[in-house]
Structures are given as structure tokens and as C-alpha cells.
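Below are structures written as C-alpha cells.
There are two complexes below, and they share chain A, which is joined by chain B in the first and by chain C in the second.
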Partner chain A sequence: MIEAYVHKKLHTANGEMLLDIQLRIEKGQFVTLYGSSGAGKTSTLRILAGLLSADKGKIVLNGNTWLDTDNKIDITPQKRRIGYVFQDYALFPNMTVRKNLEYALEKGQDKNIIKELVDIVELEDLQDRNPETLSGGQKQRVALARALVRTPEVLLLDEPLSALDQKMRSKLQDYILKLHKQYNLTTILVSHDVGEIVKMSDKIYCLEDGIISREGNPITIFTNDRLSGKFQFAGEVIAIVQEEVIYIVTVLVGNNVVKVIAQESEIENLAIGDKVIVASKAFNPVLVKVEE
Partner chain B sequence: MNVFSGHISDIQVNKSLSMVSVRISERVELKTILVETPETASYLSVGNIVNVLFKETEVIISKEEYPLISVQNKIKATIEEVKKGLLLSKLTLKTEIGAVASLIATEVLDEMALTENQEVIVMVKINEIMISR
Partner chain C sequence: MAWGPIILTAKLALVTTIILLVISVPLAYWLAYSKSRIKPVVETLVSMPLVLPPTVLGFYLLIAFSPGNALGSWLQDWLGIRLIFSFSGLVLGSVIYSLPFMVNPIQSGLASLPTSLTEASYILGKSKIKTLFSVLLPNIKPSLLTGIVLAFAHTVGEFGVVLMIGGNIPEKTKVVSIAIYDEVEALNYDNANTYSLILFITTFLVLLSVYLINGGHLKRFWK
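On to the complex of A and B.
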């Protein structure tokens, strides 16, 4: 579990801002920090990683104190057992993919971890290539693998997919989830993409001007807040069938199965197993009293 | 789903209901009734950019320009494409705000003799439009 409290005066484009954040993240949880630019998301990640100092704060991971400003404890980023992935990959351009990964090994560390990671993110055929010959999605797979070479307990992802197109994003999301589960990581993602957040995270923290304005389950946070429909349920797609000029999508909502008519354009990005929000207006449903 | 972006041009509130007008283009403004107020939904503020959403099944087609009918939202349109099914048919309609899709009964399509390039009026009831930000 990560328990963190950080306090820092930041100088932003809009003037001074006080970052005042409290996080409580269970081991194995996938958490997203969400908010507009300049809300303090990246600064929070950097303080957790030890790349930015806090004015005041305490960070404890599973009983190990990383930071405690009151007791002058501030362990180095290298000792925090964190993997960090940036939006711009940050790979060494003059090294092959394999060398980039090997460079991250600790002294005396078993090299088998590299083979394992290369297998998971499917880099076998790209191992001898230099980063500049790779696509954005391939580079980000290398960056992901590299972040995990030292088998960290915590993975920090700072908008890692925002430079990629939708198809590549979706693929990379699957790789990230696979790694998250395989290594039982505690992952903190910074993202603006609502679909991505709902797909990936167990919990979301909404940051506004340096403080957490809301926290909770992503579906609850996004549904009640963003769409005016008062009749909303989160569910999972279990079937998509084309009939005449329409599609009938079957959605499992809790223990109930509902059916929704959809158009081709709506099902283009929809697959069985996807999480969706079924929404309608309060004006449309009818109530029928159940006779007992 | 039909989705169009616009800005909120007017909000009339009575207790927990709001009648919200969204200006989509110069001549097209869509009205919607919500069980929300500016106090309960932060996006309800005049000038805010929002999306209006309505389902194809809720889009009514009229051949008359001024039909006496209790539907408030009306947009001039030209039928661009007709896809005919056995029971249901899908119309793609060209309008000032972009393409609007409508799903109607094939019987009605035949009865009204709706064909491509015809000029029609697209109508949507106020209770069928949702807003998202």
C-alpha cells in the first residue's frame, strides 16, 4: 500500500499554486490521476518518484518510509523501487532495443527478466533495432519494458499513450494491463482519456488546482458528472448482433441483461467484454409496480 | 447516436427542471428538458460548450415545413441516403449542422414516399435530447 501526503508550492504558468495531495493506494491497485494541465498531476508523480522534492510530506510504501520531511528522511529515486514511463519515451537513441533494456539492469541482476519482458510486450523481432527506426507504439513498448527491468513495486505512467493514435493506444493499454497483473504492480497513471481511465483504473483521483477535488470509482465519477441522462448504468457488452439496418447490443448490467439498439458508427469501437455506460433520460423509462 | 457540439444559449429553471437551449449553428438551436439545474450540474452555464446527443430512433421526419405538431426542435434537411430494411429503414439527412441519422419504419418510408434528394424537416422532441460536456 502507498500512503502519501505531499505539500509543495509550485510555480506554474498561472502563478503560484499550492500542491496539497493525500493518496491512499492499495497494493495491486490501478489508479489514475485526472485533471486539466497544470493541476499538479506530473508534480505528484515526480515527488512520489523522488525526482522533485516536497516542501513537506510523507510517503510510505508497505511500511517502508521513502520520504518523511519531519524526520529528514528522503531516499534516492534509485532506491524507491519505481518504474517511470514518460510521454516522450526517453530511450537512448544510440543503443539497440536490447541494449536499452540491459542498461537498466542492476549490478549482478539476473538477465532473464529481459527475456521475460521482451516476450510479454512482443519485442522479439525488434531487439536489434535502434529506437529511431521504431514507431511511437513500439518505442513506448520498449520504454514500458525498460521501466520494469528492475522489477519495481510501483509503476508511474505520465500520459504514456497521448502521442499515439486510438488503435495503438488500445493495444498499449492491453500491454500495460498485462504487465500490471503479471507483476502485481501498483500503478499510477496520468491520463485525460475517459475511455482509457474507465478501461484501466480501479480508482481515480481528480486534481484541481493542486488539490484532490474528487476520488472514487471512475465510472461513478464520469457518469454522474458528464452526461445529463438520469438513467445510467455501467455494464459489460456480452453480444453484438446485426439486424436489418441496425445493431442490437446486449449489455450485462449487474445481474440483468439489457438490450440497446445501436448504429454501425457506435459499434465500430465496441467489442465483447468492453465496459459501457447505458444511458437514457429520466423522461423515457416507465415504471410498472410489481404485484406481490 | 447523433452528436453535435454547440454552446448553451439559454437556461430556464423551475425547481429541479431546466429547459436548456443549445446553439449549434447560426440558424439551428436545439432545446432540451433536463432534471438538472445549474446548481446540480456544473456544465449548465450560458456560453459553455456542450455536446447534444439524441438517438436515431427519436428523429421524426416531416414533409411539411410547418407541421402542426407538438415537437419543438425542427431542422431543414435533404435526404442524402436511404437504407431500406424489411421493418426498419435508416435515413441519412444533410442539414446545416451536419449529417443527421433517422431510423423509421419501412412502412412509413413507403407511405410517405421518402426518397433521396427530397427536402424534409427533421424533428426531435425536447425530452429526447441529452447533454454531455
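On to the complex of A and C.
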């Protein structure tokens, strides 16, 4: 479990901002820090990693104190043993994919972990390539694998998918979830993509101007508790068409286009481009086994 | 024409470049990443030789290390080192004089690398030293090469500092640039021409190789 309290004065483009955050994350949880840019998401992640110092704070992971400004404890990033994926991937240009992964090995560590990770994120054919020759999605997979070579308990992801197209995003989300489960990780993701958050996280912290404005289950947060559906998908409105007395709202959910019938009262606040949740509860779903 | 000055020049430039490389990497690293208040002062001192007449530097070194002064006599009495009119003095003068040519390229090379590379290495559990040698330096090879070549070439071409601190002692401090001056004074234009031509061609080839390599024209040989 991670318990963290951080307090820091940040100098941002919009002037000074006070970051004041309290987090409580259970082991194995997938948590998202959500908020507009400049809200302090990345700074929070960097303080957790030890890359940025806090003016005041305390971070405890499973009983190990990483940071305690009152007692002058501040463990270096080297000793925190975390996985971190940077926005720009930060692959070492002077090393091949394979060497990037091997660089992360600790002294005397079993090399099999590399083979295992290479298999999971499907990098077999790319091992001898230089990072500069890889596509964004491929770099991302290398960065993910490299972050996990030391078998950390905590994985921090700083908007790792923001530079990728929708198809690649969804594929990488699956890789991340797979790794999260396989290695029993506690994962903290920085993201402002509602669909991504609903798909992946157990818990969300909404950051606004350096403080947590809301926290809880993503669906609850994004729908303000109005919904208790059994099937829920996040998507984006791409069209609203009037048909006689009702409206047809076309919603893009991942790569699927879904049409939803809506009343006039429901579309009053909707505009094209809005993020919505498509949910359903009053029906009995049918399960059909997929033949492989 | 004697080969002495040419060998001496090559030796001086080589020794100077090696010493410069050893001291410039940590110095450039500090300058690239430090937020210390004295950083502007250090940067100024490092860059001074770019604009200062070499004779000024040579003059002060001569004064400081002359056995008539406290520092000079201390060095001579306690360490047995005499820095004026000696090869070691030339090396010291050249190191100071060529310092910016080595430090500046390395410093700007380091500063141009994304900080996430360093941070990624730290998060992977690697020390600052390991990060410097395995991640940072290998990714600024062109800057290192530029620094090495410029420092070497600049040392080959120096005159004022050498003359002030080293004088003109054959086999000890008489480098090519001074030999040329000497030959011209003695009206031996042929010898002066030979020396000059050797310097001209060497510097041309050395600098050309830098531009070829750093421009990517020889990339397949430098990886």
C-alpha cells in the first residue's frame, strides 16, 4: 500500500501553484491521476519517484519510508525500486532494444526476466533495432518492458499513450493491463482520456490546481453518481440527429460506433465532441463463446 | 629543417589533450547540471582564454611560477617542479589556454540531452557515474570529438603563451609555431615555409575530419 502526502510550491506557466496532495493506494490497485494540464499530475508522479523534491511530505510504501521531510528522510530514485515510463519514452539512443532492457538488470539478476517481458510485449523481432528506428507504439512497449526489468512493485506511467493513435492506444492499454495483472503491480497512470481511465482504473484522483477535487470510482466520478448501470463504456459523441420526436446520438466507443436513442431532455447538454458514458442495466445479456 | 619542434608540438598537443579530456568531463558535467551561484564565475573563467591575449595569460603564469616568487619557489623546493622554461610549464599553460575549446562542446552536448535519459537511468537504479559513462557520454560522441580535435588543434597553433612561459629552448620548449618565428627572424624563409605548410595541412585535415564525421558523412565508421 502507498500512503503519500506531498506539499510543494510549483512554478508553472500560470504563476505559482501550491501542490497539496494526499493519496492512499491499495496494493494491486490501478489508479489514475486525472486533470487538465498544469494541474500537478506529472509533478505528483515525479515526487513519488524521487525525481522532484517536495517542500513537505511523507511517502510510505508497504511500511518502507521513502520520504519524510520532518525526519529528513529522502530515499534516492535509485533505491525506491519503481518502474517509470516517461512521456518521451527516454530510451537510450546508444543502445539497441535488447541493450536498453539489459541495462536495467541489477547486478546478478536472472536474465530470464528479459525474455519473459520481451514475450509479453512481443518485442522478439525488434531486439537488435536501435530506438530511433522504432514507431511510437514500439518505443512505448520497449519503455514498458524496461521499466519492469527490475520487477518493481509500483509502476508509474506519465501519459504514456498520449502520442499514439486510437488503435495503438487500445492495444497498449491491453499490454499495460496484462503486465499490471501478471506482476501484481500497483500502477499509477497520469491521463486525461476518459475512455482510457474508465477502461483501466479502479480508482481515480481528479486534480485541480494542485489539489484533489474528487476521488473514487471512475464511473461514479464521471457520471456524478447518476448511474448504476451494469454495462458501461466511455466514448465521444460524434453526431446527434433528430428523427421525428427522438434523437439518435452516435457515440464512438474505442473503435466502435454505437447509436443510442435519446430524449430531447437528454441531449440538451450534449454537444459533438463531449465525452459520455454509454450504460445499460435493464436487459439480460447473452453470452456466446468465441470459437478460436 | 629539424624534426625536433614538430615532435615537441605533437607531444605537447597530445599530452595537453589527454589532460584536458580528463578534467573537462567532470567540469563540463558540473557546468551543465549545477545550479550553484558561482557557476557564472566559473563559466567566465573557463571562457576567458577565448578573448584574452595569450601574452596576458603567459605573463601571469611566468610571474606566478618564477622561482623568485612564493608559489614558484615552493613548487621548486618541495616538489622539485620548475614550471617556467620547461615542458611541464608548457603543458600547464596549454591546458589553461585550450580549456574552453574542450569544455564548451562537452557542456553544450550534455545540456542538449533530454533530462529524461538521466532520470530513466537513475530510476533503473544506476549511479551518477554509471549514468555518465554508459548513457550520457556515449550519446554526445560528436561533441566529445569536437572538443578533442579543437583542443588538439588549438594547442598546436598556440604561440603567445608558449613564448612567454617556455621561451625558445630547442628540444624542450621550442614548438613549431615558435620555430617558424625563429626561422623568419633568421631569414630562413624556406624552413619557415616547410614548418608552416606542415601546420597548415595538418590543421586542415584535422578540422576536415571533424566536419566529415559530425556532418554524418562518415557515420558508418563512427558508431
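Convention: the second predicted complex is superposed on the first by the 224 of 292 C-alpha atoms of A that agree within 3 Å, B and C clash if a C-alpha of one lies under 4 Å from a C-alpha of the other, contacts with A are read in each partner's own complex, and residues count from 1 in each chain.
Here, contacts are C-beta pairs under 8 Å (C-beta built on N, C-alpha and C of every residue); 3 or more make two chains touch, one makes a residue touch a chain.
Predicted model only: the values in this text are computed from it and were never measured.
**Q** Of the partners chain B and chain C, which touch A:Ala104 in the superposed model: first, second, both, neither?
**A** Touch partner of A:Ala104: chain C, not chain B.
**Q** With the two complexes superposed on chain A, say which partner A:Lys167 touches: chain B (first), chain C (second), both, or neither.
**A** Touch status of A:Lys167: no partner.
**Q** Touching A:Leu51, do we find chain B (first), chain C (second), both, or neither?
**A** The answer is second: A:Leu51 touches chain C but not chain B.
**Q** Considering only the touch criterion stated at the top, classify A:Lys181 as touching first (chain B), second (chain C), both, or neither.
**A** A:Lys181 contacts neither chain B nor chain C.
**Q** Kindly classify A:Ala90 by the partners it touches after superposition: chain B alone (first), chain C alone (second), both, or neither?
**A** Once the two structures are laid over each other on A, A:Ala90 reaches chain C alone.
**Q** See if chain A has more residues touched by chain B or by chain C, and give me that chain.
**A** C
**Q** Is A:Ile246 touching anything from chain B or chain C once the two structures are fitted on A? First, second, both or neither.
**A** Touch status of A:Ile246: first partner only.
**Q** Taking the superposition on A as described, I'd like to know which of chain B and chain C A:Arg146 touches: first, second, both or neither.
**A** The second partner, chain C, only.
**Q** Quick one: is A:Gln78 in contact with chain B, with chain C, with both, or with neither? Answer first, second, both or neither.
**A** second
**Q** Can you tell me which positions in chain C touch chain A when the two form their complex?
**A** That would be residues 114, 116-117, 119-127, 134-135, 138-139 of chain C.
**Q** Where on chain B does chain A make contact in their complex?
**A** Counting only chain B, the residues touching chain A are 1, 32-36, 41-43, 53, 55-57, 83-90, 101, 103, 127-128, 130-133.
**Q** Where on chain A does chain C make contact in their complex?
**A** Chain A residues touching chain C: 49, 51, 76-84, 86-88, 90, 92-94, 103-104, 106, 146-147, 149-150.
**Q** For a test of understanding, state which residues of chain A touch chain B in their complex under the given definition.
**A** 225-230, 244-246, 261-263, 265-266, 279, 281-284
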